[in-house]
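For reference, the structures are reproduced in the following blocks.
Heads up, the next two complexes both have subunit A, just with different partners, subunit B and then subunit C.
Our next item is the complex of A and B:
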């Protein structure tokens, strides 16, 4: 029986459908303290004074933290960016001034959450208002500075140039110029908010139960900030209620629970963020503006070069940034064969919530930009959308991009063909003609995108050559426990991706046993489970990094088991067979009734070892394997190298009709084709595809973090931000193709982020619906009010120009 | 604020008598006083439905009700769905159809679905959607949840059909 490739029902479900999951907020005891965080109502203000006396005096309050405690007790979080980022001071609480609405300014620990909040509201903070800057271009003028010590708001600037850009432009038959495109600010907002309990005991050990989703990395930033050796820090998570990347950076605030615990003599402190706190102060996706884009095309519509100026807005603190200024380059040419690029990339801080790596992180923004270019060029040159893609798709794999990334495999034309059939492309084209005759605004759009998985952390050195990160890893420990049961631990800390299940599938195949015979420990635990500095669930890395670690550990365990069984059964390793006998999992000698079960093997190693001889000294039946993908540090000067191991692809087609009364875009049909190489568990993969699709649709139609000009977040509750509900989710037809990756042991590709496909697709469909109205789709958000505004102000002439010349005329 | 009020709330069939602060939310009562942490909290504007429970058989958002308002009522939570070691049909269906990923929305979804199936034996697709329109799921994209609820409805029909055929009293 082979388990890999089957839709095995998930192991995780048993506890979750009974309400027996253990989420970070579930830990509760009457003796624990509760933390309330007082946050700034202003986007930019100096803190003139804080008076906590009334709060401190309230019965039930255990301690209050303000900026002055934090200044004494914390080292600012390490900044990843190059100078002047090193001058940026990022601490869990604002000290002298606040730079975004929702920034913590004080924290209270009390016997109950209600008392903590009462006390928090008794804290008197005197603010001196400062002008705020929310527009990234204005921020780059440096008239209003967020981090004065850095003397600029600019956190990154560099030019990514490949090929012969100027030559390509002088040879071009057409040059299409697009003056501005904008990718809006949104986030995947998991239903579970950030939460943790922290206990910093008198011995100096700090224990967190939390929902951080990249704990291997977070520990390396959190421990030094709290002046702790990593060994003193224990981070645990069990079930995590969704992350989508957003929970990578919650440790910034977890520190407050820890400091409160220490200040209160080691009592356990719980912090549970409210939704409004989450939306104002947790993390948003990167907002990006694309300026002065010029596209060179040959006479057939093949794109030969692109130059453009990109401004990324990372909010008030860079945190994971400016990594996003490099990560997009994993997909520099998107799915197209363009060889010449000049991208001038700048990032700035603004008085808005900091950004975090949200599902599709940084690549999605760039892929949307590329798709907009392809789509706008197709319209301007009157080339049908599907033909335009077919002219430009990469077709040969492995494919080296202009910046040295290796696309492992793919077949974009086949995906397009499949999607067209699925949605009935020709039928809709016909209906579109009829609809237009009736004055209806109906459009059909294609979005092709990539989900690059298992990234090379060496790309961080392109941004800052001093950063001590490169490569990638994941770790698995597999052992036969004292009773012979197979126990696996991982560092991934998943948030719904079913790692316990897929890991069991791989191990079951390797040991030729049933998945139910395998225990995969839930969650992350730095004291109890395996982990490395890359461990976590992010950047589509489990199917390759995670499962390669599992597979490698299985090989090591099996070698030891063969050695031990061979010795006991007096047989050659080659004669041994893994399987299940009457006494459970066992090794047996082929064609005989000689066997040894797992219990006895474990017994021999752990409790009964006088039966063994020296040749078995290294047999522990408890092995650790670190998977290390074959990466090199990129050439940081040329910004050249392989930045990611695998490239899953998505191709979506949507049919959209804009309601002419309400301006609401209605999705009439939607097809989604996915290629993530070899599939380990189809049901889980389909679930990820559907989830990623929903996020994209939500972002296009409903979800946007809108700020007013002084930095108030106008969509700071779910009722304003309006995440996609079941009533707004269209029926989607799903399909797949499979181009196995040559770079992973199992042919799988990392997946789960979805590359923001609906953003590209729906933007293209809306473009198709509105092009005849003189409208160019320049934004990624298309709620009814936005479409209304756009319809009132056609922008084509002001946005796009085309210069065409006869090739060979000169 | 500290004048506590004595209330009795029956949760999953068992009466619980407690003195609570008037401002305590029902969801906090369920999670913190009774330790039933299957009911979750996801927002502060009654939007997400992670806190959905049944109050005298009607689905409510337990973050939007005070514990004292539930005095004398019967509450059902996800922990009460399994009976005598047997999962509710909708629980089975959620797992079978991969209608959960992180599982955070799941208890609320299950309670909304449970109410639907108790009041509408043959729901249409739209009726299923409407039954969970107040429950946010960020992981699944909803389609598997719709499938799971439809399949649970079929299962329940099948089983009750068999019971009728077997001559059980209806």
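Our next item is the complex of A and C:
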């Protein structure tokens, strides 16, 4: 019996469905204090004065924090970027000025959340308004500065050049120019907002129950900011209601709960965001503008070179940025064999909510850009969308990209073929002809995307060579507990990805026992010591980083168990078999009735060790394994090196009809093909694929963070920022192919983020529907009101131009 | 997201509620299903001193369809109405009741609250315009009946007097040969409509005997599009008449730009939904069963 590859029911679901999950906000005690965070209503303003006296005087208020407390008690968070980022001061509360709407300016801890809010609203803040800048290009003019000490809004600029770009352009048969493309701002709003409880006791130990999803990293930034050794910080999570990367950065504000707890003599303090706070002030996905794009193609429509200028808008504080200025390069050529690139990449701050590494982080934006290019070129050169892809797809694997990334495996043409069959491509093509005759706007679009998993943190050094990060790792501890039960601890702290289940599957196969006999601890706890500085759930990596750690730990445990069993049973290690006997999990000697069960093995090591001799001194039955993928530090000068270990792929096809009356893009058919190599648990993979598809469709049709010109977020509630619900979800047909990765022990590739496939696919389908109307799809958001505007303002002439010449005919 | 402190009172009878409201005065608000009021309080758009909960007043949620006139108690929830015999008999009522928000809201929100809100995005006032409804009220000066026309005076303002509450709504059963449709276009279930259009047509021998057209979310109040009705009445629903009615509906509306879309976009939706609602109403008037639910973006 093997468990890997089966749709084992999720172990987590029993408790979650019964309401027995434990989320950060579920923690409750009567003596607990509740934190209210007062936030700036303005996007850019100087704080002239803060008067907290009325708040402090309200019965039930335990303490109030303002920027001046914070300045004394916190070291600004470490900035990842090179100069001038090092001049940026990022603290949990604004001190001298606010730079985005929703930025915390004060915090109140009180006996109840209601009292805390009442008190918060009694705080009088006097603001002096400053002009705000929300447009990234305008921000780069530096007329309005967010971080005056940095003297510029620009957080990053560099040129990524590979191959022979100028030569490719002079040899080109066609040059397609696209003057502007724009990837809009949205986020994958998790169901559970940010929350934590903090208790900073008088011995100086600080304990958090939280929903941070990248604890290994967060601890390294949070502890020094609070002037604590990491050892004094305990971070725990239990169930997390989704993160999608958004919860990587909640520690910035977890600090407030901690500081309030210390100020209140160590009482526990809970911070729990409301939805509007979450939408205004937690984290958005990166917004990106692509300017002056030029694409060189040969006479057959094969793309030979791309030049472009990209401006990434990271909102008010860089935080995880400017890492996103490099991360996109994991998928530089997308799924295409283009060898020559010149990408001029700039990032700027603006008076908007800071960005976070949201699902599909930075690669999705770039992949959308590449797909728009391929799609627009196909239309301009009258090459059918499927043929255009087939001409340009990478076909040989492993494939080294122009910037040194190694695509492990894949078969994009096979995915395209499968998706076409599934959706009935030929049938829809016929229906499209009929629809056009009737004046209906029906389009068919293809989106091919990549989900690069298990990243090499060395890429951070391309951005800032002084950063002390490279490689990647994950940790697993597996032990036989005092009673012989198998207990596994991980550093991943999942947020719905089913790690307890897939880990059990791997361990069950390795020990040849049933998954129900394995306990995988829920959540994260730094006290387990099962973490590294890379530990967390992010960047589509569990199936590789996490399960490789589990597999490695199993090998170490099995070696010890063989040694111990061999000694007790007087047998050779090679004669021993793992399995389940009458007394539970055991090792037995092949072909005999001699066996030793897990209870006795654990008993010998833990409570009965006079029976053992010195040869067994190293047998602890409690092993810790750190998985380290084989990475090197990239060449930071040339920006060259392998940035990610595995490349899962998705290919989606959508048929969309634009209702010419309501302007709603109706999805008539949708097929999604996934390739994440060896699938550990099909049901879990399907869940991830469905969720990623829903997030993408929601982003295209409904979800957009819209700011007005003074920096007010206009979509700050769920009735304005409408996240996709099941009512808006079309029927999606799912399929898969499997190209095992040669770089993971199990052939799996990291998956989960999904590469934003629906953004590429629906943009392409809408393009196909509207091309004949003189419209080029230049944006990633297509809500009905936006389509209405688009239909009334054809933009092809102003957006695209094609220069063609007959090559070789001179 | 917590309301400012307030005193809570639970009334057992209409008289008690009216008495409490009159006694407390300006700072008091009626609490029914709470689906509009609680959001307003939580966002601190309003900070009343007292809430008078009428939610437990007995028998105020009854639906009586025995006679020619249908009476709906103010406390009848959207879901109660949506699952009632009248929703089955009068499909436009089902369109409206079952299209409001999501189940959670429909389980608690009441028709009385919807009408009392004076919110142009609330569906019931628009529907009551379509069905020529009346509002039954009771206040310190006793009971009175108001016409739905003119009841919503301005944004969030109604003709209710201080301490007066709505006790019920009523409208005549549509005549035989009458059919209606209530069409909405909205971003998602828990969002208010971008535009709503209600149409009720009585058709005899292929001719429109009478028509009612009302618009929701199309201005500061619900709007009765009388000029659009006039385009249809007496005609036979030819394409030209329908287009003219749609144009007249657009002309009657006064939409504004917001996150749901620009005023121009909304005008296009008004024209579209008017035509769609007429088409469904026509088929229903002819005895056909037509499914109709909100269209989401």
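What we mean here is this: the second predicted complex is superposed on the first by the 808 of 810 C-alpha atoms of A that agree within 3 Å, B and C clash if a C-alpha of one lies under 4 Å from a C-alpha of the other, contacts with A are read in each partner's own complex, and residues count from 1 in each chain.
Please note the rule applied: a residue touches a chain if its C-beta (ideal position, glycine included) is under 8 Å from a C-beta of that chain, and two chains touch if they have at least 3 such contacts.
Bear in mind that the values here come from a model prediction, so they are computed numbers and not experimental data.
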Subunit A: partner with more touched residues, subunit B or subunit C: B
Which superposed partner A:274 touches (first subunit B, second subunit C, both, neither): both
First (subunit B), second (subunit C), both or neither touched by A:26: first
First, second, both or neither for A:686, with subunit B first and subunit C second: first
Partner chain in contact with A:17 - subunit B first, subunit C second, else both or neither: first
Partner chain in contact with A:702 - subunit B first, subunit C second, else both or neither: second
Touched partner set for A:117, first subunit B, second subunit C, both or neither: second
Which of subunit B and subunit C A:789 touches, first, second, both or neither: second
Contacts of A:714 with subunit B and subunit C, given as first, second, both or neither: second
First, second, both or neither for A:570, with subunit B first and subunit C second: neither
Subunit C-contacting residues of subunit A that also contact subunit B: 114, 118, 274, 276, 718-719, 723, 725, 727
Interface residues, subunit A side, partner subunit C - complex: 113-114, 117-118, 121, 274, 276, 661-664, 701-702, 706, 714-715, 718-720, 722-725, 727-728, 783-785, 788-789
Interfacial residue positions of subunit C with respect to subunit A in the complex: 1-5, 44, 185, 187-192, 259-262, 264-265, 268-269, 271-272, 295-297
Of all residues in subunit A, those that touch subunit B in their complex: 7, 9-10, 12-23, 25-26, 28, 114, 118, 188-193, 239-242, 244, 272, 274-276, 495-498, 683-684, 686-688, 690-695, 717-719, 723, 725-727, 729, 731-732
Subunit B to subunit A touching residues, read off their complex: 1, 21, 23-24, 31-32, 35-48, 50, 77-79, 81-82, 87, 91, 94-96, 98, 100-107, 110, 129-130, 132-146
